[in-house]
Every structure is written in C-alpha cells, then in structure tokens.
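Consider the two complexes below, in which subunit A is the common component and subunit B and subunit C are the respective partners.
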Partner chain A sequence: MDIVPQLIANSIIAGSIYTILALGFNLSFSTGKFIDMGYGVMMVIGGYAVFYLSKILGLPLPVGILLGLVISGLVSYLAYTVVYKPLRARKASGAVLLIASLGVLTALQAVIAILFTSQFQTLSGLLSGNRVFEIFGGAITAVQLTTLALGIFLFVILAVILKYTMCGKAVTAISDDEEVSKIVGINTEKIIGSVFFISGVIGGLGGMLIGFDTGIEPIMGLPWLLSAVTAVIIGGIGNVYGSIAGGFLLAFAENFGIWQIPGEWKSAITFGILILFLLFRPRGLFPK
Partner chain B sequence: MEPDTQNGGGMAKLGIWLVVLLLIIGGIVVYGKRGEDTKKASVKEPIKIGFIGPLTGDLANIGANTKAAVEIGVDDINSAGGIGGRTLEVVYEDSQCTPAKSTSAANKLISVDKVAAILGDTCSSATLAIAPIVEQAKVPLISYASTAAKVSDAGDFIFRTVPSDVLQSSFAAKYAVEKLAKKKVAIIFVNNDWGLGLSKGFSEAFKAGGGEAVFSEGIDATSKDARSLLSKIKAIKADILYLLVMPGQAEIVIKQAQELSLKISIFGADPLEDMTVWNNAGKAGEGVMFTTIGTSPSDDFKAKMKAKVGSDEIIYSGPFAYDGLKILGKVIGEVGTDGTAIKDALYKVSYEGGVSSPKIEFDQNGDPKEAGYAIKIVKNGKPVVVK
Partner chain C sequence: MEYFIHLAILVGIYAILALSLNLAVGYTGILSVTHAAFFGIGAYATAILMTRYSVNFFFAIIVGAVVTGVISLLIGRVLSKFRGDYVALGAVGFNMIVWSIFLNWQELTRGPLGIPGIHRPELSIGNMEYSFTSNISFLLLTSVFLLLVYLVCRHITESSFGRALKAIREDEEALAVFGYRTLYYKLAVFVVGAMLASVAGALFASYITFIDPSTFMVSESIFILSSIILGGLASNKGAIIGAVVLILLPEFLRFVGFPSDIAAQTRQAVYGLMLILLMLYRPQGLVGEYKL
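Our next item is the complex of A and B:
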C-alpha cells in the first residue's frame, strides 16, 4: 500500500489546526508586540467551555460552541485589560510581558484543573458520528475536514478585514507603528483590546476543534502554543499569509519527517526547524 | 553630595547585615527549640510514611484510586492499634508522574516530613529519578506500580510489590504468538523507561516464539497525533499492534487507528485497566486486549474501595500500594523507624494474606519473587477477563 496519500492527509489535518492557532497568535503578537503565552490557555478555555456547557449542562452543541467562543474571547480581553494593559502603560519590556502572560497561562490552567480535574476529556461524544472520508487513499474525518474549511475561511476573512475595513487598517497601522497610529488619532488601546478578544475567540475555536478531534486537558495549552509560535516564526511574524504557509510547512515537515525516521523524533523535527529559521531566516518565509 | 550618598550607602549596608544577623540568630533559636520539641514528643508522635503518586495530571485517576487504597490501609493499621502503640500517618505528595515533580516530592518527604519510608512512584521514570535520593538518605522505598526492568537495579533501598515488566512483556508476547497465532508485530511505545523496557522485552520474546517484530517506534508522552505512525504500520501490514502508551494517549491512538481503518488487533499493557480509556474510546475500543497484573482483592477490600471511590474500579496499583503499606507497617513494628534496619528486614519479610498476591517476598533486587498475570478484552465498553 502506498503511504504517501495518508501522509499528505495527516499533514493537512495537522496543518489546518496549526494555521488556525497561528492566525490568532499572529494577530495578538503583531499588535501587542509581545509573545502572549496566555494565548495557550484560551484554547483550553474554549475546549472546556464546550465540555461544560454541552456535555455537563446538556445545552445544544451550537449554543455551547457560540458561548464558548464568547467566553474565551472575553477571558483574553480581560487578560489584556487587567494584566497586559497596565504593564504596557508602564512601558514594561517584552520580557516582563512574556513572564506576565506565562503567569496568566499557568494560573488559568490551574483554575481549569481545579474545576474540571486534570483528567483527559473528549468532546467527540457530542457529535453524532464522525464520518471517515477516503480521498485518494488517505483517510480524513468530518471533524478534520471542518477544521481545514474553518482554517481557510478564517484566513480569508482576516485577510479581507485587515485589508479593506477601517478597523483592519487600524490594526495594520498599529502593528506597523503604535506611536504614530496614536498621533494620527487611532484609539490604539481600544483596537488592541478588540484584537485580543478576536485572538481569544480564534484560540478558543482551535481548542474546541482539538477537543472534537482528539481531546482536551488543562495542560494542553503550552505544547499547542509552541507549535503555533513555531508556525508563526516560519511563516513570518505579523503576516496572515505567513500563518497559513508556516502552519502547513511545519505539519508536512513533521509528518513526512517521521516517515523516514522513528516517531520519537517528531518534536525534535519541530524545534530543529524553529532553530534553523531563527538562525538563518529569523523574519520567516514571508517577512512583513 | 557625593560623600553623603556614600555614607547613606554604608548605613544601608550595615542595616542589611544587621537584619541578616538577626535572621541567623532567630533561626538558630527557633530551630534549636524545635529540635528539643521533637525529641520530647517523639514517643507519642505518629510514624510517618510518605506517598508519592500522580494525584493530578493524565494519570490522576490511577493516583486517586491508589490513594484510596492506601487510606484503607492506614485505617486498617490504626484501628488495629497502630504500629507499636504509635499511630501511622501517611503524607501524600503529588508528582504528576514526572521525574522533576517526583524528585521535589521525595526531597520534601525526607527533609521536611522526615518519613520512615516512602511508597512511590507510579511511573518508572519517576521512581528511577528518586531512587538515588532515597538511597543516599537511607530511606527505604516501595514502589506499587513501577514495572520497568531497570527498577530492579535501582538500588539497595528500592523495593517493589509489583512485578517487573520483563515478566509482563514476555507473557504478552507468548500469548500473542501461541494463543492468538500472530506472526508480525508492530510496536508503538511511549518514549520513556517504561515504554522502552516493555517494547524490548516483547520483541525478544516474540522473536523467540517464531514471530517477527517489523516495526518499533516511540511517541512522545504528550503527543496526541499518532496518525503518521499508524499510517506507516498500515503500509507494513503487521497483524498485531502492541500499544505501550498511558491513559490519555491510548484512547487517541486506538481511535486514530480506527479512523485510518487500520484493521489490526491491538494489544496493550496494564495501564489500560483505567476505565477512562474505554469511556473515551467508545466503540473504537471494542476487542482491544491487554495484560493485567493478576490481583485477587478480598471482598472486604473491594467493599472498602467501593465506599471510598464510589465505583467498582480497582486499578492494580491500589492493592500493591495497600500491601506495600501493610508490609512497611509490619516491618517497622518489628525493627523501628531506622531506614537501614527497615531495609534489612524487608529482604527477609514474608507477608501473606495480602490483596495483591497471596504471598509477597522480596528477592535480592527488591523485586517480588512471584508474579501472576491475566488477559483482558474490551467487550461492550468494559474490560473483561479472558478465560
């Protein structure tokens, strides 16, 4: 049997989730100008919100998902207004913000663990069957196809918003130069706040999709965040197109890499690529 | 202005040194007193034994179940008059089964709680990490769940009530070759001491039985994506998959195998006893087989466990931890709380009537002399014993 079609399918599956996570991270990073580790916990919150609302309380799944997206967006917004905004107002350095966001990640992760235990949970029971499709000899499930579709959809929407709407142009302006944006009259604080809300929503969506595909646990934030950061660095920081390129490149490298070498080296591949990019092409494939 | 600042700096420095001095004196006084207090009270003070296990994290279910069994053991010992008139107290520490957390837990138990012995850890990699620490502190350790082959040589103070993997994997391999008539095995193992040990033991015994190990690759403990590994196995056409991963990862691999329509028998090891795997795996789990370490808990123990955890679930590590505690209680009652004396007595102990196995005696490596296994298969979402 030929293994290549399945490897391509596996890469597309992994790549679409990396893309979604990278899109959200890229957005907050390019405006906030610091590595927001707290983004990792938004995935956890999104996943657990659906778990709680739909699996425990028994609300209809669409309601659970919608509320979950709002909750993860709000938490991200609150993290910004309560923690990051005052620090930024005090001209705190990127390192300070990074550590503060690590605190947000750890603290919220602990809260989730206390509320829902650290047990691994699956959301797939909420779906009425997860059909498996065979495409050119590669198997892919309905959830994974949805993830891919959502990834492409988000990418298009973000690209359009950033390019053609006033709000999107303001975001682009802030990511170019925050001070100048302020001078020309953009309410930067408000815009950055809504950017964090949206990035939280995207992170939450990513967490839900991970939950439907495999499952959720409180400590899942960091490993996924690291993959997203790697994808963003490969693709080019602050560039929407970079997120999609980085996400898929990383996924293909990981999945095709372990075709030839044993599977225990998968994370070595990921971080090897990260180091190579940081050394030789620190601004990514598509520098801004 | 400059001399002034310098002068101020000098004063500040003096102030800091004064504070340091005060702290040192205060520390000596307080700690000196505490020493006296413990000396006076030592006769009535409870005997402390440490417990290290995954009370949170992926294996929290195993940790909680085992803790319940240990609590039953403490109640049993204390209601029978304690150990030599002193009550027994167990200090529980969470390790999440990681070597780093387990190390700090062991250090805390030894230096802060001053425990006489330790029960722990669950994961072999964590037990191996704390072995040198307890060895140096001369505090005997009994593991109730670490089955890695390496634990045998971990040290003189390291014991276990649970049998080594070498026995389990060769038992599983023989069963796969002889009873299931499988010829080509693919192995996925979690990339740690436990996974590597079992995978080696299995492929050796499988080859000795006339089979062939066609694939053996590791997976990171945190990875939730085994698709490419499974795709490789599908291409190789193995007829059995020996799956050496923990709960939280096992159900994912099993589900992904089904998604990729990988038609292969899946065979696992004792951690699959955890019911959360089968609740999460749903239909994909049907027909999966695994070895369990044979336990024959008494009805009394079963009833007490049910009262503690609220379900019939007894994970194998519970009975082994219970017996480990009872053995420690027995030995400490005979020789006191000196670590070396406990260690020497453990090598000679013969404990009968336990809930994990009929009789426990330790060999020169601190391993149990006898071991029994059973095969279970998942039917209608629940593992049942294969007769």
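Our next item is the complex of A and C:
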C-alpha cells in the first residue's frame, strides 16, 4: 500500500486545524502583545459546550455549535476584561500577563474536569454518519473535509475583514502601534475586547472540530495551544497569511517526520521545530 | 502521625524544588517553566541506576546531578538566545520534549509503565550499615538535604555573584557594559538550579519507590513556579513558605470530604485562581522582593 497519499491527506487535515487555531492565537497575540496561554482552554470550552448542549441536553447540533461558539467567545472576553485588561492598564510586563494567563488555563481546565470528569469524550456520535471519501488513494472523512473548508473560509474572511473594514483596519493599527492608534481616536480597549471575543470563538471552533474528528479531554488545551503557537511563530507573528503557511508547514513536518520514526515522537518533533524557529528565525518565515 | 511525616517529606522535597527554581526565576529573572524536566531527570537517573545497576543512592544522586547539569547546560544555552517572553515558551517546549522522552524511550525508562521497586537509601560506613526505610529516618535525610540546599542558595544569593545576578535581572545590558559576562552568570545559575532540582528528584524517586512520566509534566513546572510566586520571588524564605502552603493547602480539601479525583481538580483550580489573583493584586507574593 502506498502511504504517501495518506500522509499528504493527514497533513492537510492537521494543517487546517492548526491554521484555524493559529488564526485565533495570532489575532489576540498581535493586538494584546502577550503570550495568552488561556487561549488553550477556549478550545476545551468550545468542545465541551457542544458535548454538554447537544449530547447531554439533546439540543439540535447547529444550536449547540452556535451557542458553544458564543460561550467560548464570551469566556475569552471575560478573561480579557477581568484579568488582562487591568494588568495591561497598569503596564504589567509580558511575564506577568503570561503567568496570569497560565492561571486562567489551569483554573478553567480544572473546572471543566470537575464538571465533566477528566475522561476522554467523543463528539462524533452526534453526526449522522461520518462518510469516508477516497481522494487520490488517501482516506478523508466528511468532518475532515469540513475542517479544511472552514479553515480556508476563516482565513479568507479574516484577511478580507482586516484589509477592507474599518474595524479590521483598527485591529491592524493597534497591532502596529497601540499608543498612536489611541491618539488618532481608535477606541483601543473596545477593539481589543472584541478581538479577544473573536479569538475565543475561533479557538472554540477549533476545539469542536478536534472533538468531531478525534475527541476532547480537559487537558488537551496546552498541547494544542503550543502547536498553534508553533504554527504562528513559523509563519510570522501578526501575519494572517503566515498562519496558514505555518499551520500547513508544521502539519507536513510532523506527519512526514513520523513516516520515518515512531508516531509517539510527534509532539517532540513539534517542540523541536518550535525551538529551532525560536533560535534561528524568531520572526518567522514571513515577518510582518 | 505517619501522615504528617509523609506531608513533611513532601514539603521538604518541594521546598528544594522551589529554592532551586527561585535562583533562576526570582534572582536572575529567567522565566523558566521547565523545572519539572530537571526534577524528572534526577528522579529517572537515580531510579535507573539503583534498580538496574544496584548503585548506592548517594552515588546515584551525584551521577544524576551531573547528568542533569550537562543537559541543563545545553537547554540553558539555547534558552539564553531567546528574547523576552519567548524564554518561557521555549522552556515549556523543552519540558514537553523531556517528558516525551520519559514516555517514549521505553528501553531506558519503561515508558508509561514507570519504574517500580526503587530502594530507600542505604548508608554504609565501615562495618556500620544503615537503611532509611522508616519514614521518620527519611524525613531526617530530607531535612539534611533541604538544609544543605538552603545554605547553598543563601550562599549564592548573598555573595557578590548573587548581587551580579540581581543586577542582570534589573538591567542586563548595563551590567554587560561594566564588563560582566552576563551569559556565563545566567548559565551558571541555571545549571546550579537544575542540579539542585535533580537532588529533589532523587529523594522523590527513593521515597515514593515508584516513578512514571506523569509526575514530570508541564503542569508540575507550573506548580513549582506557583509556589515561588506565592511565597515571593527572590526570597529564599519565601520559596519555602510557598512550598509549605501549596503542599498543605490541598490536604484541607481532603478533610472537607471531597472525593479524590475532584479534590485533585479543585487543587488545580485553586492554583490557577491563586496565580491570577497574585498577578492582579500582589505580584511580589507573600514576602518577595521582586515584582515580575
């Protein structure tokens, strides 16, 4: 059996999840200017919201998904207003914000584990039949195709919003220089707040897709977050196009890496790449 | 009584971890989130040497410290190239890699099965042989190590070397202008901290008599970091206070009558909340001298 088509298919699927997660992280990182570890838990919240609303309460899936997106967005917005905003207001260092966001990650992840146990849960039962397609000799499920489509869709939407709308331009301005943006009359606090809401929604979406594809567990936030961060750093911070390049490059490197060495080493490959990039190309392949 | 001795031993081990991490984070300003990796390397080195090659504990602890020292030198050299907050990110990456090695290098570490049957330390001087099998004697041994580590840390932080470290934390460039090789200072303190953490690892492995990779995950590094942030950065006493509070606090949860799985998660939630509140209202911790 030829393994290369399947590896390519797997890389494309993983790449689209990484792209989605990286897009959300990139947004909050380029405007908030700190490494927000709390982003990892938004994925968990998105996944568990669908699990609770649709699987336990039995709401229709589209309702569960929509509510789940709103919930993860709101939690992210709350984390910003309650924790990060006051810290930023008193010009706390990046280290303080990073530790506070680690606190957000640890606390919320534990709350989820208390509510839903730390068991691994799947969402795939909610779908009426996950069809498997065969494309050039590689098997791809309907969920995975949806993920790919959503990844591309999100990327296009974000690129258009950032480039052509006033709100998007304000976001770009803040990521270039927050002080000057404030001086020219942009309500930076409001914009950053909505950026955190949107990044929470994107993170939540990523978590749901992971849940439909494989499954969710409370501790999944940190490893996925680090993959997203790696993709962002490969692509270049603050660069939307970088997120897609970084996401897919990382996915191909991981999947073709485990072609030659055992699969358990996948996460070691990811962090190896992260460290190599931080060392030799900290601004990424496509610096802004 | 046994229960209190058990807690006291754990407090001692975590106080060593907190003291040693404080050297890098509190005194020098290197935001290292990889201490559990060094804790783990020390534990694994001791466990492997003792179970497979029946090496004496007190020799294994030295070998473990040397191995950890070499590895931490490599990691520290790489981390020293990162700018600002990327140090923390890279450190998390290293912790993940080391953990993944514990989990996957099965020939050496037995992977997820862990290493059982690690002996308690034995000491033989001349014809006298003594084994630290009772918990009270192990507590004594831990206290001796804790005292030694405390003295080492106090010596480092109160010497001129320690003053140079604090100066690096405040303004590295200025110190470099004065002709200090700041890189060597940072590497030295990072390696010493890691070696002391490996001592805690050896004690842990020999006390619990069983280790597996799940003890040495990133969450453990975050836990050790929380203890020094709570106690207070750049304060040796603060590090010990932090370890005492963080080990004893969850035990109260157990008395309240939470089931053990929920108690473990509640503990995590409390740590997380504590980090947020400390950052918001008291970034210097209880008795700390340095605000991040």
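The definition used in the following text is that the second predicted complex is superposed on the first by the 288 of 288 C-alpha atoms of A that agree within 3 Å, B and C clash if a C-alpha of one lies under 4 Å from a C-alpha of the other, contacts with A are read in each partner's own complex, and residues count from 1 in each chain.
Methods note: a residue touches a chain if its C-beta (ideal position, glycine included) is under 8 Å from a C-beta of that chain, and two chains touch if they have at least 3 such contacts.
Note that the coordinates shown come from a computational prediction; the quantities given were computed from them, not determined experimentally.
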| item | value |
| --- | --- |
| Combined model on subunit A: subunit C and subunit B, fit or clash | clash |
| Subunit B versus subunit C as contact partner of A:Thr214, first or second or both or neither | first |
| Which of subunit B and subunit C A:Leu78 touches, first, second, both or neither | neither |
| Contacts of A:Leu98 with subunit B and subunit C, given as first, second, both or neither | second |
| Subunit B versus subunit C as contact partner of A:Leu278, first or second or both or neither | second |
| Subunit B versus subunit C as contact partner of A:Glu264, first or second or both or neither | both |
| Partner chain(s) touched by A:Ser118 [first = subunit B, second = subunit C, both, neither] | both |
| Contacts of A:Thr141 with subunit B and subunit C, given as first, second, both or neither | first |
| Which of subunit B and subunit C A:Leu108 touches, first, second, both or neither | second |
| Selected from 27-35, 63-71, 117-125 or 171-179: the stretch of subunit C that, after superposition, runs into subunit B | 117-125 |
| Touching both subunit C and subunit B, counted on subunit A across the two superposed complexes | 113, 117-118, 219, 223, 262, 264, 267 |
| Residues of subunit A touching subunit B in the complex | 1-3, 6-7, 10, 13-14, 113, 117-122, 124-125, 130, 132, 139, 141, 210, 214-215, 217, 219-220, 223, 254-255, 258-259, 262-264, 266-267 |
| Contact footprint of subunit A on subunit C as seen in their complex | 31, 78, 81-86, 88-90, 92-94, 96-97, 100-101, 103-104, 218-219, 222, 225, 229, 261-262, 265-269, 271-276, 279-280, 283, 292 |
| Complex interface listing, subunit A residues touching subunit C | 34-35, 83, 86-87, 92-100, 102-111, 113-114, 117-118, 219, 222-223, 226, 229, 262, 264-265, 267-268, 271-272, 274-275, 278-279, 282 |
| Complex interface listing, subunit B residues touching subunit A | 56-58, 60-61, 96, 188, 191, 217-220, 222-229, 231-232, 234-235, 237, 247-248, 251-252, 255, 259-261, 276, 280, 282 |
